[in-house]
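Two complexes come next, and they have one chain in common, chain A, joined by chain B in the first and chain C in the second.
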Partner chain A sequence: MVYFINDIITGALIGLLYALVAMGFVVIYRASKVFNFAQGELVIIGGFIVWFTTMQLGLSLWLSIPLSLVLAGLVGYLIERIFLTKLIGESVFSMVMVTVGLLILLRGVVLLLFGASVRPFPIIFPLKPLLLGDMLIPMNLLIGGIITIVAAVGLSWFFNWTRSGLRMTAVAEDHVVAASMGISVKGSIAFAWILGAILSTIGAMIFLSGKSLTFLASDIGFAALPVALFAGLESIGGLVLAGIIIGVIQSLTTNYLDPIIGGSLGSVVPYIIMLAILLIRPTGLFGWRTIERV
Partner chain B sequence: MDPSGIFPTSYRADRRLVRTRWQAVCLALFLVVMLAMPYLVSGRIIAVLNMMLISAVIAVGLQICTGYAGQINLGQAAFMGVGAYTASILASKTGLTFLLTIPLAGFAAALFGFLFGLTATRIKGFYLALTTLAAQFIFHFAVLNLPSSWLGGSNGVTVPAAEIFGLRFVTETQQFYMNLAVAAIMIAGAFGIIRSRFGRAFIAVRDDDVAAGIMGINVAATKANAFLIGAFYAGVGGALWAYMIRFVGVDQFTLFHSIFFVAMIIVGGMGSIVGALVGVFVIRTIQEVIATVGPNIADSASFLGGDIVFAGMNVILGGVIALFMILEPKGVMHRWNILKSSYRIWPFPY
Partner chain C sequence: MTYLSKSGLGGLLAAGTLALATALPMKAQAETTYNLALLSDFSGPYADIMPILASSREVVFDWWNATSGKELGVKLNYKNYETRYDAAQVASLWPGIKSELAPIAVVGLGGPDVAALSERLPEDKIPMFMATAAYGFAWQPDSWIFNPRPTYSHEAAGFLAWMREQRGGDEPIKFAVLSSEASPAYVDMGKGLEVYAEEHPEAADLVEVIYTDVQPTDLTAQMRRVARSGAEAVIIQTNTSIVVAAKRGLQANGADIPIMMSSHNGLPASGKALGGLAQLEGDFEAYGMVIAADEDTEARQFYQTLVSDYGLKAPWNVVTAMGISQALYTVAVIEHAIEENGAEGLTGELVREALFAKPITSEETHGFLPSLTFTPEAPFPLKGLKVNVGTVKDGKITIAATGVDVPDLSKW
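Here is the complex of A and B:
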């Protein structure tokens, strides 16, 4: 029973990590109507920036973390300036394809600059797990979960209650209408990408803390996709619930179903959930009901 | 547009693919050169041409699905994989001739594609891209986790050589003729599909699905059909791939390969069969050049990471996709058509 509860808690915390990465998707979507396929690449770029500032430059964590976040924001801004500003008002297809192009472009750049070798990632959160009776809770995931919840509450307040947040919401509804109401579409998209890159970097710190860093870590971007869809692409608060549900289901599948069938069903369960959501309720749990159904 | 003085006087004439004598000459010349290729160039180039022919089949399928019917498809490599696995299992376990396994591979892939095409009847845009992405992951999972006696798991499957009347297609030249024949049939078929009522329905659905529905086109069936046809092409291409490489493994059909195919049709031009062929030629040539010069660059520029071929390929392809989307979303064929029509109406500006 203790193990069962432990699995549920660990699953929920991993789900919260997915939710944090998915928050990068949602923030970019929520403020620019661009669905960013290259989210996982932003996570490894964030990871490499953190690795570079701590391990290469040798800065202390108190200095390197803020510096990494600033640098990540700068990368996000550059990507937006080079690729996305030019596509304002273009079709969904163009936007999706540019982020797909970015997906392999950024992976190539990371491979060129850093190579495929495995690097140690700095220990940002204490390695010692939290012991609750017989239960083991990884410290990085626990702190990460708290960060996720705080970020979700903060960002959902920002997007739903502040004036600038509502402006960005208008941009996500329609670029042309928003622009004609005097809202800066460019500014909104730039902000979205800066925020998306920063959230990805925080996700990278939690995910990789004390582990090793390779470009394969970008898979977490695709792992976070189902969470973003389950919550509905517009809902930031909903990510927390969706993340916990998917994380728990995945953890239980891995621990109880996989030994029976002898395969890794756990890694594919999120995508099966995603397909089911797309078929049954494409808006997700809390998304806006604006998806055109055919 | 037609050159000055050419006016179709019947519907048949208006539907013709080869419209002028000069085009007929060019087409015949092209086919003759292709047939004579093994006598003109060395073995390495034949190997590259084989890759191009197989990619052409798959990219033309994607062109029908994405370029003509407007359904975003990021799972073309998975559909190709389904075809490749079907062909290799049929060939190695039942010993069927390739004349049967290649079409059967196409049908198996078409069925798989149709299942995901069904989701296209409910959702569109990038939501659709997500389901095709899920197809990619589920294919990967299925191959790796089904009992390894079925699909070979992570070890892959070895494929016997294609064989007919005691003639085995082993050398690159023999495979070249096999690939050329299949590619010619498939591409001619694609022109036929595009000219038929299905092709017109695809274009109508792509341009405006509400209007298409009002005109009496069954939008849902048309979208599912587009996936069916696109996946059939991918399956046939996959079968050819299996017979060429003689080994099928799950790593040959990743999301990256799907993106390569998307890059081909974007570079060539959406909504043009010839564009897909041009795109295949451009992308495969770039790939070959990088594979050739990559190791030299890696030697001279040691500060760059080790896996320079794969990395460089990603950088260039990603850059190409982004650049074309930003600068010329209609692709190379669009530019060519502008050039052609301005040549034909010269000296008048329009």
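Here is the complex of A and C:
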């Protein structure tokens, strides 16, 4: 029974990591209605920035982490300025296609700048797990889970209760209308990309702490996709619940079903849930239902 | 001082021209050129090792052209093709490679090449020579794709048998396998070891095959399960990221279970990804090829020749050994074909026939590979299979065992 509970807790914490990465999707979507297919690549860029400042420049973690977050924000800002700002007012589809192009471009840039070698990622969180009796909880996931909840609460408050957050929501509704109301569309979208890049970098630190860094790590972006769609692309608070549900189901499947069937059902099950929810409730659990009058 | 008359000078020039005219066709006849297509991955999952692998196999062709090829009057041209380790890319490139190069052999890289070309090469009558171990799903008779090493499962089974012998006692050795469903080749590694455990219950007890992502989020829970089951070894023949995650998982559980890796994700690569070889103290790599350790072996001496005389810049490691061994057995087979059929008119079909006609001795591959006897029954030698075992001792890679016998394994 102890192990069963432990598997549930570990699954929930992994789900919260997915939720943190998915927050990058949601933040950008809420500010621009653009689904960023390059979210996994932002995780990689963030990971390489952390690796570069820590392992190459030799800075202490206390210095390299804030510096990495600033640099990641700068990357997010540059991406928006170079590739997306000129598309404001154009169809959302064009912007989404740009993110598909970004996915390929960022992968290429990583290969060009850093090469394809597998690198040791710095140990940011303690490797020693937290022991609670017979239960064992990985520290990186535990701290990551706490960060996710704090980030979700903070961002929910920001989007729902601050003028800046509400302005970003208005921008997502319609760029032209928002601009005609005096809202800085460019500023809102740029801020969302900065935030998305910073969240991805925090996700990279939790995901990769003490492990290895290659561009394969961008797969975490795909792992976070079911969480984002399950929660609904507008709901930040919903991500926490969706992440926990998907993480727990995945953990139980991996630990109890996979050994029986001898397969990797655990890595497929989040996508099965995603497809099921898209069939039953296309807006996700907490997504906004829009009424269109014709 | 003597001066040549005009007519004398003219005669000398005429004689020189005649001599040159007769010599030129002779020179052209003396060197027959054949092409080799080299499949490479400079931008996909193996992009990190590709520059080393590519330069290692290219330098052997240069060495062969300058030595045996010169004597036989044959030159091997080669050209790399970027496949991104993608079967679709290989399939789309292949018609162009065939028409551009008309190669007598293909020097392949991995599973996607096998998947894309296994049906085409028999029709085109061009053999492909691999560097890696073989795959169970490709274990078919009358193959045109060949591996100098048995399947990954054979290699792991050899290691497990050796480890049991080292441990002593009659109990079977308990082991777990970490694999991934990201690639059919990875799945195949687990399937083969399941067959091994079923067929040899007295020798091996497979506690679990764990399938995970190629970049796992966390394996602490899975490694705890492995530790609880009493496993004495963890077999990981997939990639370095899984080795790193498994090691961290074992460390988090305070479990000291040795990991066995293969050549492509071996001790140097995984050690580098973990931040140093010391992290893998007591872990192993095992495969049917020379271990690139510090010891002075025949293979190491040949590598030094390639470095000093042919400008090889690759370091002495397992990837370099893979590239060199692959190219060495390829040129050995081509040499056999030339000895049998003459330098002119060599075809892919004749090269394949030469592979079955005569064993490739360990001496011919300078100790990089054991003696290889291919038969049409399988794409790899079925008899006399051996593996070598390397380990990390005091922070250095050392040879733990050589020429370890591989147990019999039925086709799966």
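The rule is simple: the second predicted complex is superposed on the first by the 290 of 294 C-alpha atoms of A that agree within 3 Å, B and C clash if a C-alpha of one lies under 4 Å from a C-alpha of the other, contacts with A are read in each partner's own complex, and residues count from 1 in each chain.
The rule we apply is simple: contacts are C-beta pairs under 8 Å (C-beta built on N, C-alpha and C of every residue); 3 or more make two chains touch, one makes a residue touch a chain.
It should be emphasised that the depicted structure is a prediction, and the values quoted were computed from it without experimental measurement.
The superposition on chain A brings chain B into a clash with chain C. Applying the stated contact rule after C-alpha superposition, one finds that A:Asp219 touches chain C and leaves chain B untouched. Within the superposed three-chain model, A:Pro129 lies in touch with chain C and out of touch with chain B [touch as defined at top]. In the superposition on chain A, A:Leu63 contacts neither chain B nor chain C.
Of the two partner chains, both chain B and chain C are touched by A:Ser117.
Once the two complexes are overlaid on the shared chain, A:Gly101 sits against chain B while remaining clear of chain C.
By the document's definition of touching, neither partner reaches A:Val150: not chain B, not chain C. Within the superposed three-chain model, A:Leu141 lies in touch with chain C and out of touch with chain B [touch as defined at top]. Comparing chain B with chain C, the partner in contact with more residues of chain A is B. Applying the stated contact rule after C-alpha superposition, one finds that A:Glu90 touches chain B and leaves chain C untouched. Contacts of A:Ile5 after superposition on the shared chain: neither chain B nor chain C is touched. Comparing the listed stretches 3-11, 39-47 or 93-101 of chain B against chain C after superposition, the clashing one is 39-47. For the contact definition in use here, the residues of chain A common to its chain B contact set and its chain C contact set are 111, 115-117, 263-264, 267. By the touch criterion given at the top, residues 35, 37, 83, 86-87, 90, 92-98, 100-109, 111-117, 222, 225, 229, 263-265, 267-268, 271-272, 274-275, 278-279, 282, 291-294 of chain A touch chain B in their complex.
Across the interface of their complex, chain A is touched by residues 43, 45, 47-48, 50, 180-181, 194, 208-215, 217-218, 220-222, 224-225, 239-241, 244-245, 248, 251-253, 269, 272-275 of chain C.
On the side of chain A, the complex with chain C involves touching residues 6-7, 10, 14, 17, 111, 115-120, 127-129, 136, 138, 140-141, 207, 210-212, 214, 216-217, 219-220, 223, 251, 254-255, 258-259, 262-264, 266-267. Contact residues of chain B toward chain A in the complex are 70, 72, 74, 119-127, 129-131, 133-134, 137-138, 141, 144-146, 209, 219-220, 223, 256, 259, 262-263, 266, 304-308, 310-322, 325-326, 329.
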